[in-house]
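Below are the structure tokens for one structure; questions will follow.
We just call them A, B and C in the order they show up, numbering each chain from 1.
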Amino acid sequence: MTRGAFERDLRQLNEGVVRMGERAGEAIHGAVEALRARDVAAAERIIAEDDAIDALHMDLEQRCMRLLATQQPMAGDLRTIASVFAITIDLERMADHAEGISRAVKRLAAEPLVKPLVDIPQMDEILQGMIRDALMAFQMENADLARQTAAQDDAIDRLRNRVLHDMLEIMIHDPQTVPRALELLIVARHLERAADHVTNICERIVYIVTGELRELNV
Amino acid sequence: MDTRYRWRRSMDQGMTLVCLLCTVLVLTPLALVLAFLAQTGLSALNWDFFTKLPGAAGEPGGGMANAITGTLTLIGLAGCLGIPIGVLGGTFLSEYPQTQVSRISRFAADVMNGIPSIVMGLFAYVLIVLPLRHFSALAGGVALGVMLIPTVMRTTEEVVRLVPQSVREAALALGIPQWKTTLRVVLPTATAGIVTGIMVALARIAGETAPLLFTAFGNRFWNRSILQPIAALPLQIFAYAISPFDDWHRQAWAGALVLVAIVLVVNTLARYATSRQVRLR
Amino acid sequence: MPKQLEVRNVETHAPTLVERNTAVQTDDLHAWFDRLHALRGITLSVPERQVTAIIGPSGCGKSTFLRCLNRMHELVPSARVSGVVRVHERDIYAPGVDPVLVRRRVGMVFQKPNPFPTMNIYDNVAAGVRLAGERDRRRLDEVVERSLRAAALWEEVKDRLHKPGTSLSGGQQQRLCIARALAVSPEVLLMDEPASALDPAATLRIEELARELAKEITIVIVTHNMQQAARVSDVTGFFLAGQLVEFGSTTGMFTRPIDKRTEDYITGRFG
């Protein structure tokens, strides 16, 4: 049978997902760094790279289609390929959030921050850890690690609430700061949404391994 | 490359020629016999030959009408005995090939095929002629019929065995009992082949002379009852051939020609039946 | 009495119990060809009016299993069967049971279409009924038309019922065989790789037909084609080396098989 070629295709598919995940993570991290360093040029670069990540998404989708058509996969293989479809969509959205953060950086331009960045970089750090762990869980087909990773979404939600709280205080105190404070809120929201996408990915990983599809961490 | 090809081609042509020659060689005796028969016999074939009884010894004229009908009658009688037994026996052999009865029957049939035909005549003599105290068409029919049995049985067995197992399975799966399957599905499928086998066997016994010598015995007049002696072409040919009369010699040739014609016609019919045989893929 | 058939909901994996009567129940069914132990203790329930697929690699015993259900296995000399097989609660191997009558209740269609060569289309379909004793011409006409309609063949052959059965195409011949089997009104129809000798279009028609027929009678289909089993059946059984490895809802088995051997087989790692 052509199982050998199929195995190779599956491996390459998985590698493609990991690569795309790493790039999405890098894009988010780069965007947060650009915010910290107030580097508009870096933000521009990240916006431009979004196209490349979209291209990766298309490529992975097409590979999935081809495998579905030619191999008629069943059972575990079927779950994997169907899940890769969904995972690449989540990764693409995460890259869009990186782009969103970069646009906020551009809009803030050289204006002073309303407060020193503490929570946002922390959110990014946790998020990067989640992405690394999720990709590892995907490669290792480790459902437990996926569940644990999804659980970290709570920490990110808490941090986002803190940012909201802080920004509200600042905005009430001084209405002039509203546009700038809003931008930071937007950034925090992008990070929180990105973490939700990682949670989705973890659900998919659990499905690949166990065949159970359920909401993690609602 | 070219020389090897040419050598191969000439070798091919050479061998084809050899095969052709061998075929011609095989057909030659048949052709010669037919030609000789036609040449010597055709002149005596006339309307009288087919309608008149044999004339008195020495007198020209007369015919072999009774011998022709006699041969046909004997074939009919032999068929009545040999065909049912042969077909049913052959069917049994193919449906239950491994039983003790089958193995014994098959062996017996093969032995019977090898028994000299005159011995078959003896058998009928003892069985029918002696108790009845005279020769009869019945005895001749029995002798020929018994010779039919092994041949028909074996060919029937072969043909029925050729019916694909899938046909039987289809019938059985419908809830048709085994015996009905054999009778109403398998046998009809094999009919053309069975008929061919029968015809070939009949053609063979049409020309048998030895078994008729002391069973049918021959008759110069029309046969009125199967318990009476009956004329037959082979017997008549024999009687005329050893006679001193030229006219009878010519009639003997004509008789031989008619006999061969009967055999040819039956074989042709058998071929026709085969060509209409259902294609059993 | 209705058996609880567990059907897994693939998304939530909550088992939903579907009430289904059992059409065929086997209990510790063993079968031998002389010394060869072809079936080892098969216990399963074929649900009524559904399509049950039997899959497995060559030589795993799937055809043997099928033939035990209509007592065709015993036609092979030196074949033996032990265990219980119940068709609608009646043990078909009980002493005194006539195998001929069993075969009228449990019909079979074979891999290679096998219409009776000497009969025309009408006679082929009517054969089972006629040879069981039916003589009334009107009744026979009725049965022939009903069966040909059920086999989705009526429209194509209604004007040439007197033509030989072998004059049809492969796919049509197979549908003719199905019509012939249906004519005796079986409760269960066994199909032994019915489409493997046919082209893809004819194959799909047979599959559609199987699903359609399952509305009225129980269908058990043996196939070596995984995708066919997935398309056609509600319930699937996986056989390996004479044993039943897994038996359950088709969707469940093909998205999330329980046994590793099943997973390996359906993903093509062997067989």
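Going forward, a residue touches a chain if its C-beta (ideal position, glycine included) is under 8 Å from a C-beta of that chain, and two chains touch if they have at least 3 such contacts.
What you see is a predicted model; the values in this text were computed from it and never measured.
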Remaining chains grouped by touching, subunit A not included: one piece
Nearest-to-centre chain - CA centroid comparison: C
Centroid distance [mean C-alpha coordinates] between subunit C and subunit A, Å: 51
Whole-Å separation of chain centres (CA-atom averages), subunit A against subunit B: 94
Subunit B-subunit C separation of Cα centroids, rounded to whole Å: 49
Touching residues (chain side subunit C, partner subunit B) in the complex: 70, 72, 75, 77, 100-105, 107-108, 110, 112, 114-118, 127-128, 131-132, 166, 177, 180-181, 184
Touch list for subunit A against partner subunit C, complex: 1, 3, 6, 72-79, 211-214
For the subunit C and subunit A complex, residues of the former touching the latter: 11-13, 226-227, 230, 254-257, 262-263, 266-269
Of all residues in subunit B, those that touch subunit C in their complex: 98, 164, 166-167, 169-177, 180, 184-185, 188-189, 191, 278-280
